[in-house]
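In structure tokens below, several structures.
In what comes next, subunit A is part of two complexes: it sits with subunit B in the first one and with subunit C in the second one.
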Partner chain A sequence: MFRTTTILFVSTCIGFYACQSKQSAETKFQESLDTLSAVTVADTSEKTTGDVISSLPSPLEISSMIKESGADFSSSMLNPVNNTSKYTTYHMKAINLGVFGADLGYINIYNQNKSALEYIRSVKNLADELRVGQFFDFTTLARLAKNAENIDSLLYLTTSGFEKMDEFLKEKNRGNISALILTGAWLEGLYLATQVAKTKPNKELIERIGEQKISFQDLMKLLENFKSDQNIINVITSCGTLKNEFDKVEIEYKHGETSSSEVDGVLVVVDSGSSTVKIADEQLKNITNLTEELRNKLITEI
Partner chain B sequence: MKATIKTNTIRLLLCLLTISLFPAIGIGQKSQTSTAVPSKDLYLKAFKVRSGVSFNQSGVTSVNEFAYVLSKGVSYVLTSSQAENPNVKMRMQLFDRNHKLLASNFDEGKKKFYSAIQYKCTTSGLHYLAFSCEGSGGAGEKTECKGEGILKFSN
Partner chain C sequence: MITSRTYLLNLKFLLLLLPLLFHPAIIFPDCSSNDLFFDNCARNLNEYTFLKSYQFDQSQLKKLGLRPTVKYSSIFSKGSEYFFSVCNENRTDNNKMILKLYDSNERLITSTYDPVFNRYFSKFKFPCRRTGVYYIEFSFQGALDGCGAGMVGIKM
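Now for the complex of A and B:
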């Protein structure tokens, strides 16, 4: 009897403590979310932010290039989905929503439907916690993910969900969340590229890594718009060394003329101009190491 | 006169990503007159066009312009969808980072619209995509230029 009572008491205490801790964490998280609008409204140059965000390329292009290079799918490069529940603050949720989004793009490019389901779930969970989960119909996405023939529909619905989420965040003046999602996605794309280049280097992929200097500059401009958000200042600071290394990359442009022809009603345009990326082996090595360090920090630092 | 309306849209990801993180093909444009492109092209990004409601003297609405980083070696296809008004066609123009015109889906000489622009990028960097609507009505006629510019890609 005494033993049973003790167990019940201890269990109740643990349960109470757990609830308190959870409530405390949730309350803290909700409070942090509730302060976002003020942060964003105060210092966002909407025009500048819009210009920058619309200019950033999708990490999907890099994933496609990785596949074209002949590299095998590697799940070990991805952020493990069991990390999802570890993200308790809005900025970690946002960054890793972007990371998982980029991972999902990589998975989709390789038609890894089983993994896709797991990453869709993580995206949905983080989006829910950021109050933007209404843009992902998990039931439908899960059904589509079970059949490889549905991959196009699955991909479109996922994209559509992100687009609607973006619109919503814009309307609610939560642009700093969008910026953090974008940061996570961009960084994960760069991480995947550098990891593949490390083990299976090829000229095109290395050049694409060097070209990320352009996107990185835009990303930094975007983040600068939200400097009253301490979490974004921390991200900017963390990116400092990587930025210094990208600054050493040179991109040379050669002007040319365009010519065009009509093929089946489509205007096919050929440009004789070109760009060349100059990135030394040492720079590539440093960018690879710094990217890995920064990415691992952002997926694990709680 | 080229009136340029820079988008204020925060398009993440997203669109980012975003938004454009994932390839999508073929669905979701059912209510619009989207141009068919080869299925190997992967959906990259949609640029929402919300242009002026009046044609100018040339019969063209004001321009929505977007900046986007294109990558060397990638083949891009730019199409458009324009809803609700069959008498309106969307003009699409692609400029390089110096705002030099690279391509337009409208041939001024032939007064002809092409259904899509296919551009094999040889110069990585910022590019500009501009969209406007052209209608059959005269100057000052009210219209709605509402649709999307759709960017797809293949390696």
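Now for the complex of A and C:
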């Protein structure tokens, strides 16, 4: 009996370490690939401003706003999944991984299960090709996408998958890839919002489009860190006209006092300040057209 | 039939293997790799849609000789209600993680720790009225070692 217990115990320990060794070998393989990538795309490590680590808003926010505006779901606005195999360079894969990620967020917010599965597949394929597919468990995501009741879990797993992938890329000195993914996601969010505002104008949505000026400035700062990557210089150049148009948007702030009070055990913050966006019809029209032009260029230019 | 000598040999062998069970990786999984901890923390968001998570591992910062606080910037939008949840993964003490929210001028908006009444809150709601850059700062109150996560959810 004792011998059997000992054998079981030792086997478990050996098994545990064997698993660790296997993981270690896989990690080493991944690291060697990452080193190769870091050498190929030299001097592109991300710089942060001072001690602050910045993050762009999730395209989920825009999608939620679109849904709140009362607009119907429109699959015709999305980047078709059959474009996935056309992306052969790393920068096109990265940009369109972001585009498909934003599309998937939009699909999930609208609970469109059938489309979700196709877009999960595209996200997974592009992520695999960029060697970051480990953050998307296709089997689990596909299972969740089959049932409308799983929407919260699906949203959580896809959003956190993108978040983990972003952290991983930054850690591995592949911040340029991360910046391109963010660019694709941000641009697709803006594209969806402007397309909806074109057909179904809504004050809140238009204001939200104008507010993208702030995110756009942050995105440009992020891209500027990777100027040794020619593909990123091309993206910055392509964004030039859109930036000029956003520069004309004015955001006025009224600062006020903030206070916090406890309501049912939860702290609730009350801010008496406000912000107002000033965006003329002409500016909105130009932003809409330029966004469409830029987005279509980035999803088709091979 | 197990003799007393065999029994002792087996016991010695087991004792040699015992430290393996208390390997730090087994008892205290690294904060960054503990998905279950993050998933549980995200559940606190309830009806809010998960937007972003932040991880704060003070011991790692100390090891690297860095300041034991981390500050992130994030853009929040007018008209959205944000929900912040803070979770501690206590390893060596019971100290609580503190989340402070600042506006774009770095003026303190709120904190999960109220020093006047020495009270901690694990969550707060922030109905945003000003679109702009906000700063989220994490620290541990007097802790020697701490690991935690902050989650942000959104409701339009």
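Convention: the second predicted complex is superposed on the first by the 248 of 302 C-alpha atoms of A that agree within 3 Å, B and C clash if a C-alpha of one lies under 4 Å from a C-alpha of the other, contacts with A are read in each partner's own complex, and residues count from 1 in each chain.
Heads up, the rule we're going with is that a residue touches a chain if its C-beta (ideal position, glycine included) is under 8 Å from a C-beta of that chain, and two chains touch if they have at least 3 such contacts.
Being a predicted model, the structure only gives us computed values, none of them experimental.
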First (subunit B), second (subunit C), both or neither touched by A:178: first
Subunit B versus subunit C as contact partner of A:260, first or second or both or neither: both
Partner chain(s) touched by A:59 [first = subunit B, second = subunit C, both, neither]: first
Touched partner set for A:271, first subunit B, second subunit C, both or neither: both
Superposition-derived comparison: subunit B or subunit C, residues of subunit A touched: B
Intersection of the subunit A residues that touch subunit B with those that touch subunit C: 51, 53-58, 60-61, 64-65, 68, 152, 155-156, 159-160, 163, 204, 207-208, 211, 214-215, 218, 251, 253, 258, 260, 262, 266-275, 277
Residues of subunit C that touch subunit A when the two form their complex: 2, 7, 10, 13-14, 17, 20, 38-39, 42, 49-53, 67, 70-80, 101, 103, 105, 107, 109-110, 112, 121, 123-133, 135, 154, 156
Subunit A to subunit B touching residues, read off their complex: 46-47, 49-51, 53-61, 64-65, 68, 98, 101-102, 104-105, 108-109, 152-153, 155-160, 162-163, 165-166, 169-170, 175, 178, 181-182, 185, 204, 207-208, 211, 214-215, 218, 251, 253, 256, 258, 260, 262-263, 265-275, 277
Contact set on subunit B toward subunit A in their complex: 6-28, 37, 42-47, 66-74, 77, 94, 96, 102-105, 114-126, 153-155
Of all residues in subunit A, those that touch subunit C in their complex: 2-3, 6, 9-10, 13, 51-58, 60-61, 64-65, 67-68, 152, 155-156, 159-160, 163, 204, 207-208, 211, 214-215, 218, 251, 253, 255, 258, 260, 262, 266-275, 277
